[in-house]
Amino acid sequence: MIQNAWLIPVFPLIAFIILLFVGRFLKEKASYVGITALALSFILSVLVLFERIGGETSTYVIDWITFGSSTITMGYEVTPLNAMMLIVVTVVSLLVHVFSKEYMHEDDRIHVFYSYLGLFSFSMLGLVLSPNILQLFIFWELVGLCSFLLVGFWYFKPEAAAAAKKAFLTTRIGDVGLLIGLVLLFNATGSFEYGAIFSAVEAGLVNDTMITVIAICIFLGAVGKSAQFPLHVWLPDAMEGPTPVSALIHAATMVAAGVYLVGVMYPLFLASSTAMTVVAYTGAITAIFAATIALVNTDIKRILAYSTISQLGFMMLALGTGGYVAGLFHLMTHAFFKALLFLGAGSVIYAVHHRQDIREMGGLWSRMKVTSITFLIGALAIAGIPPLAGFWSKEGVLAAAWEGGDIFLFTIAVITAFMTAFYMFRLFFTAFTGKFRGDHEPHENKKLMTVPLSVLAFLAIVAGLINTPFGLGLENFLLQDVNVGYQAHGELWLAVLSIAIAVGGIALAWAMYYKGAIAKDTFTSKFPGVHKLLLNKYYMDELYAKVFVQPTVAIGRFFWELDRNIVDGIVNFVGATTRITGRSFAKRHDGQLQTYGLVSIIGGLVVVAIAFVIRGYFG
Amino acid sequence: MNTQMIFFLVFAIIAIACAVLVMKLSRISHRVVAMAFSFFAVAGLYFLLGAEFIGIIQIIVYAGAVTILFIFGMMMTEHRNVTFGSHPRKAHRVLSFLGVGTLLGVLLYGILNMDLATKEPTIYEKGTAHEIGLELYGNYVVPLIGMGFLLTAALIGAIVIARKEAK
Amino acid sequence: MYSAFNADWSLMTPEIVLAALALVIFTLDFMTGIKGKKPFLGRLSIITLIITAVLVFLTNRTGGSIADVFVVDPFSMVFKLIILFSVIIVIAISLYYLDKHEDIYQGEFYSLLLFATLGAMLMVSSADLITLFIGLELLSISSYCLAGFKKHNRKSTESAIKYIVLGGTASAFILYGMSFLYGLTGSTSLVVIGQNINTLFVDFPVIISVSFLFMLVGFGFKISIVPFHMWAPDVYEGSPTPVTAFLTAVSKIAGFALVLRLFYVGIFGFGERGSLLPDSLYHEFFIVLAIIAALTMIIGNLIALTQQNVKRLMAYSGIAQAGYLFVPIAATLAPYFSMTIIAFYSIAYVVMVLGAFAIITLVTEDTGREDFSSFSGLYKRSPFMAIAMTVFLVSLAGLPLTAGFVGKAWIFFGAVTADMTWLAVIMIVTSVISFYYYFGIMKQMFMRDPNPNDADLKVPVGITVAVSITLGITIILGVMPNLIVDNFSHFNWMYMLTR
Amino acid sequence: MIPNLLTLLIFLPLVGALFILVTPKEYTNAIRSLAIGTSSVALILSLVIWGQFDRSISEMQFLHSVPWFDFNIVQINYSVGIDGLSMPLLVLTTIVTTLALFASLTITSRVKEFYIWSLLLLTGMLGVFVSLDMFLFFLFFELTLIPMFFIIGIWGGKEKYYAAFKFLVYTGLGSAIMFITFIVIFYLGAQASNFYYLTFNMLDLAYIFANPDNPEVLTSGVRAAVFLSLFVAFAIKLPVFPFHTWLPNAHVEAPTAASMILAGVLLKMGGYGLIRIGVGILPDQAARFAMLIAILGVINIVYGALLALVQTDLKRLVAFSSISHMGIVLLGIASFTASGMQGAIFQLVSHGFISALLFFMVGAIYERTKTRTISELGGLSKSVPILAGFMLAAAMASVGLPGLSGFVSELLAFIGIFGADASILPGAKVLGVIAGLGIILTAAYLLWAMQRTTFGQLDEKYKGLSDARPLEYIPMIGLLAFSILIGVYPNILSDVINITVIDILSKIGG
Amino acid sequence: MVSINLYLALAAILFCIGLYGVLTRRHLVIVLASVELMLNAVNINLVAFSSIGPVVNITGQVFTLFVISVAAAEVAVGLAILIALYRNKGSIDVIKHDLLRW
């Protein structure tokens, strides 16, 4: 079965093609096509995973392009890492497919939606299966395209259109960095194949500065895709897209691709301590940066978006500090509980008729049982309450940070963990407890929506257990055939600490937003400046507009003027001068035959004079 | 200072003077007469050079026919003492003068720097007419015939163009 | 000693026949009343010219000379044929033109044309100053008259007076220059002059230069090269259109033949193999010629840019073309090479210019206007004419697959191989400028709608034939130049006159 | 004996044009089908050639050489042949032209002329890509000038006359310079070989210039001058930065089909000439001026992109994007690596498809909305979803999205520029990075345009627009399909090009 | 004995006077007359050379003969045109004839 791993991405592709051509006739039924395809992929990937655990593997490549003496190939290969990823992607995708059937059923372009989802699943799975980094990059771009399409799915909303463009452009910046990194890598090692690259690096064929440059360029791609600081600005806006999309792309899978990239290229990063540091610090900064913004935001989806950014930062931090397994483990668990949270949010939004401001919600607990419970599970998971998945992975991250030896990073990690717990429960208490503040009375949604929630909730609970200090299943699995150095494991005090901060965060939130023991505006009133700053997301968008966008356009305008007036101006000027000269000559033909005679005589003399001067007569 | 020289000078001065008069005089009739005199003087030079036949032709054709033609031309157009004065544009006059002056300068420079042997005018015992005749019909018969056609063409053209249409 | 008495007069058969028939036609004209339409005379003239052409082809291949004043060789043959062909086309045009103009004396018109042709032929095959001069004058005087033939038309007479005054002056210059050549060599034969001129130049550099330059002024006037070109636009614009065609084609080409003969035999001289002699005066004078050529191309094209009157435009374009034709003389690698090039380009030039003029006559006479607008929407009025005109203009502009292109490319090639790339550059740049006005006419023909009061164009047979023939030659020479080029390359142009 | 396929291919359109010429202009449908039929046959023929093309040798193939005429010492030959460099462009030409003719079915005025001109144009373009004799090359090069002039001038937009004449005179000047240089090259070749080689044949001249019998005529200065003037000549056509200003006018004013051909094929003649003659005959000089070429390339990319960024007219935006993309070609050539050279050729081909598609989409939208002003459009995805979709696809291809041809050429060009030999191209990496910024800008302006035209609120007056007509699918799908084909499986192209590229590079000193 | 240079000089002067006349006189008759003067200068040259030039022969005088007759013919035609012109325009002032220009 593993030899047919390449079929996994193909099913969604087929779905996409079918929907592309006949979708407009299927309308609602389009969803069945998508769901079937994903179901098949899911089954297949489960089989593949088991065979992979069984130790089988499979690789297949074909020639893609030949230039000079070098050849680039394309194909697929199954490694432990991407076997795991296959599961994550297919599961979440499948659930999102199911969820959307209900969530999107009012939209008359639902078939388009499903075709896009199909394309995305294809690209994401292809990305995961890539045997070389170029192919990864190709699918990397394709998922970017899908994100663009899906964010802009409601293109008639100007914000959506703008958000789509912003998402694509911002990631594009990172992608160009990545492309350059790839090219440099190719020129340095002569191949795109992971194996060849790492062996070349270990053999020391590439000098260290070059490695660092390449690693950072590649990381730039990850920064763009995984919305790391300073390229994170697109992700919150991307929430303009349908909520299932946010769950699938902007929480579980695509944004995690950056982390996955770093994971895949890990040996390269290990070869350059500078690169590692960069990764670690970027991660840390992003984590706390996003968390602070999440503290004050009131849009349910945006809070989750910032939390995603922050969590991705966590993963980067882990990878940057040597926690290979921790990072990827957190990637997996996060995929589940963040998808859960998003779908829960989706369910809520759907119930309150597409309101997203948590201040207009409240008291949903009594009205939407399943959603609330699952959401609570998700919140607890992300806050890191044992035995939920979040606890195990986050603890791994903290361990890695501690082992990394940089106390600063560790502190940041701890603070962020605290904030995470706080803002998640601020969200939970505000939205689900107290009395309902909206106008439409919400009620629980259909099974189609609650079932996926339940499944994800279950995963959010159990997923952590595959890699606990009591049993390092995942770690052993992942480390089968990669050499990524020593993996840290937290001691007990660390576990206690993480539980403590989680509980502390939750308690504070409870005190402020449920009990009201502490006034909501305690801090805001103390530090209004800070509050304003956070509300405006550190003015990043404004900054970029001022520093990058407007100057570029200005330069463009300038050049346009230049082009019309100078470059083309010269051309037209030459033309005009020619005609004017002609005209002035023509004026000499004034109809006076004597003028003509005179011109002949004078002209003749002049010509002779010139000739003599040229030929050097007259001495 | 021999007789030839004297005659030469006389004729030369007359020729040039009359030429200048042609330019300078105001009454058109006077000018034409001056032209005729200039032609006569040139004919004189021919005799001086021993080219009596050409001299005679010169008198017949130029001083005779051509002058008469000019007079006709004068009569048939504005002849009642019309004076146009000189060319309106000063720049034109100046430039023409300069140009022609330079030309003359170069010519004279070239001519006077030629050192050619000074000889007596050649005298043919049978007279130049005889020689010319032989040469003309011996070597230059083709251009002679061509000349004939030229005159015909000129004749036709002149008649056609000058003919007054009967309205 | 007097060689004319025992000369082989059969060599002159074509000229004699032409002269005789011209007189016949003239007398026929007398017999058929003074005025009125006489198209049969035109047809007779065409026949006459065809006969002459045949005779030329028969007699002139076997070279020879009469008293060294009238030579007959491939050079003369080629150029005579060109001239005769041009005149045939011109008459074909005139047949239509005269049909529209009552006031022109038709018989005289045709006989004058024939006399002019005779003069041109005389020019082409004369190896002697006097003959050459007579031929030139025969051509010129007939042209003066023809230019003024529309005698009730102010423009026509004005152009005639300008032409004759300036032309007379030019003749005077030529003669003055010649007088020195004769005086110092004691002969009017170009060969003799050519033999002595080098030594003379050593003795009297100034005078020889002066006489050369004077002749240059005179001939430059006749072939209308800058700065002696000023008369051309006025005369071309004023004269009856067929006469304009005649001047553009015949006078210019005959003038060039004359200049070639005079320069290469009389002044520059060339050896057995038709290559330039090391001591040739060319090396003294070429720079003057080059400057003149450059000026001609530049100014001709520049002024043409600003023209609105088609005939006047063609005048300037003709000046520019004269410039191109002058380049091979200015940049001589070997005289025979230059002759070949000029011979070829003359053919190309004649066909394209005459074709263009045939159409111009048609259009201007039909619309009664002479400005660009007369061409507007020609494609709609008569597609064939429009396409033909396009071909001619493209050829004049020197774009591929036309005779003009091959000719120009060849000139170009000659200039570069003669190490005068700068001249070549000027040439090609100016011809790019010329795109502008040539395609301006095309714009009128294809991109504008016809003037409402211009009905459909009725094309007379004569014009159609003329256009078709010229069109055919233009394209054939463009596609298969080797038809002619191969022969030319092996011609021994002036073998009698090598020095 | 079957005639040489190339000769057949070149003159086929001419025959078609003659047939059309004799067809009365009332039978527009007959004329249309004649024209499209002819070009389709040409397309098939070119595909046959593609099939028979031997990918394993670098020599010229399908050679056909007959003496044409001689200027009493130099022999001008009609000699044609193709190698891996011209093969793809040949196919590109037939494909784009055929599809453009399909696209031109909307033309209703003076149909007959239009198709005659188009077929002449086709002959010219094909001739340029196959001729081995520089004289012939120039001849065909000029031959493309006149039809385009008329097509723009007759069927063009508001300022068609200005555009047509600018195109004519400007590019005419370019080919004039080219002609001068050719003759100079011929003359130098003759001198260098002691007048043994009196030929315009590119291959022979390349050989002479590589190893001359008396080198003193080919001083480095002379070589440099020759190469630079060649470069300028082709730069005007490509177009390269200071000489590009004719292009926006021509593209904007030209009718859709003409824009497609203009951007799709005509520009490519510049790039082709630069590689075939510039690099082919003077490889050493090409390497010597690599820096210049590369810098100009980068300028093209960034400058074009910046200008496109501020355009308000959709078609002009696309035009400037063409300029920007041609920069990649220069960059690729300048790198003098196998990948870079291939990138350049790939870019020529892929831009041929993509820009043609873009122009077609713009045309189709203009035909419906009667405006090209970006600000007046918007929300087209609602009224004409299919057109909008293809528009988006075209834009993405132009952005260089993987899976579409644009990406491959960019990738190759980048591999080339970053792998360039420092002795030939010092500081290549910096240029590469700047070019990368250009790529970002490309994404910026295209997405901006998409956002403003296909996304957003739909203007009331565009509610009832009709979506793509069946006949419009042919060019749209055709062009996109080829773009995808190359993007997904570039080997189909690279195995044709590779050997030739290696051969070209082997000529350079390195 | 008169040196030939004098004759030539005289001719040159006459020639230039004639030329000046052509360039500046406004009366068309006089302009034509000036042309005649120039031709006369030529004749003087020719005859002088033929009689006392470096190479003495009669050819020059033959040449002169031709020149004279050509000049006569030219004058005839010129005056004819002049008359036609006068009929059309009513003036023989050179300045006034600039219908054809630019």
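For reference, chains read A, B, C, D and E in written order, and residue numbers begin at 1 within each chain.
The rule is simple: a residue touches a chain if its C-beta (ideal position, glycine included) is under 8 Å from a C-beta of that chain, and two chains touch if they have at least 3 such contacts.
Note that the structure is a prediction, hence the values are computed from the model and not measured.
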Shortest chain-hopping distance from subunit B out to subunit C: 1
Common touching chains of subunit D and subunit A: C
Steps needed, at fewest, to go from subunit A to subunit B via touching chains: 1
Chain separated most widely from subunit A, comparing mean CA positions: B
Relative to subunit D, chain with the most remote C-alpha centre: B
Geometric centre: closest chain by C-alpha means: D
Pair of chains joined by more contacts [C-beta pairs], C-E or A-C: C-E
Distance from the mean Cα position of subunit E to that of subunit B, given in whole angstrom: 6
Between subunit D and subunit B, distance of the C-alpha-averaged centres to the nearest whole Å: 70
Distance from the mean Cα position of subunit D to that of subunit C, given in whole angstrom: 43
Cα-centroid distance, subunit A relative to subunit E, in whole angstrom: 97
Residue numbers of subunit E (touch at least two other chains): 15, 18-19, 22-24, 28, 32, 48, 50, 53-54, 56, 59, 62, 66, 70, 73-74, 77, 80-82, 84, 87, 95, 97, 99-101
Subunit D: positions in contact with at least two other chains: 169
Subunit B: positions in contact with at least two other chains: 87, 92, 96, 99-100, 103, 107, 111, 114, 135, 139-140, 143, 147, 150, 154, 157-158, 161
Set of all touching chain pairs, with the criterion as stated earlier: A-B, A-C, A-D, A-E, B-C, B-E, C-D, C-E
Sites on subunit A touched by subunit B in the complex: 594-595, 598, 601-602, 605
In the complex, subunit C residues that touch subunit D: 337, 340, 394, 399-401, 405-406, 409-410, 412-413, 416-417, 421, 424-425, 428-429, 431-433, 435-436, 439, 442-443, 446-447, 480-482, 485-486, 488-489
Of subunit B, residues touching subunit E in the complex: 2, 4-5, 8, 12, 15-16, 19-20, 22-23, 28, 31-32, 35, 38-39, 42, 45-46, 48-51, 53-54, 57-58, 61-62, 65-66, 69-70, 72-74, 76-78, 82, 84-88, 92-93, 96-97, 99-101, 103-104, 107-108, 111-112, 114, 116-122, 124, 128, 131-132, 135-136, 139-140, 143, 147, 150-151, 154-155, 157-159, 161-162, 164
Subunit B partner contacts - residues on subunit C that touch it in the complex: 1-5, 12, 19, 26, 66-67, 69-70, 105, 108, 111-112, 115-116, 118-119, 122, 126, 128, 130-131, 133-135, 137-138, 141-142, 144-146, 148-149, 151-152, 157, 160, 204, 206-207, 210
Touching residues on subunit A, where the partner in the complex is subunit C: 578-579, 581-583, 585-586, 588-589, 591, 593, 595-597, 599-600, 602-604, 606-608, 610-611, 614-615
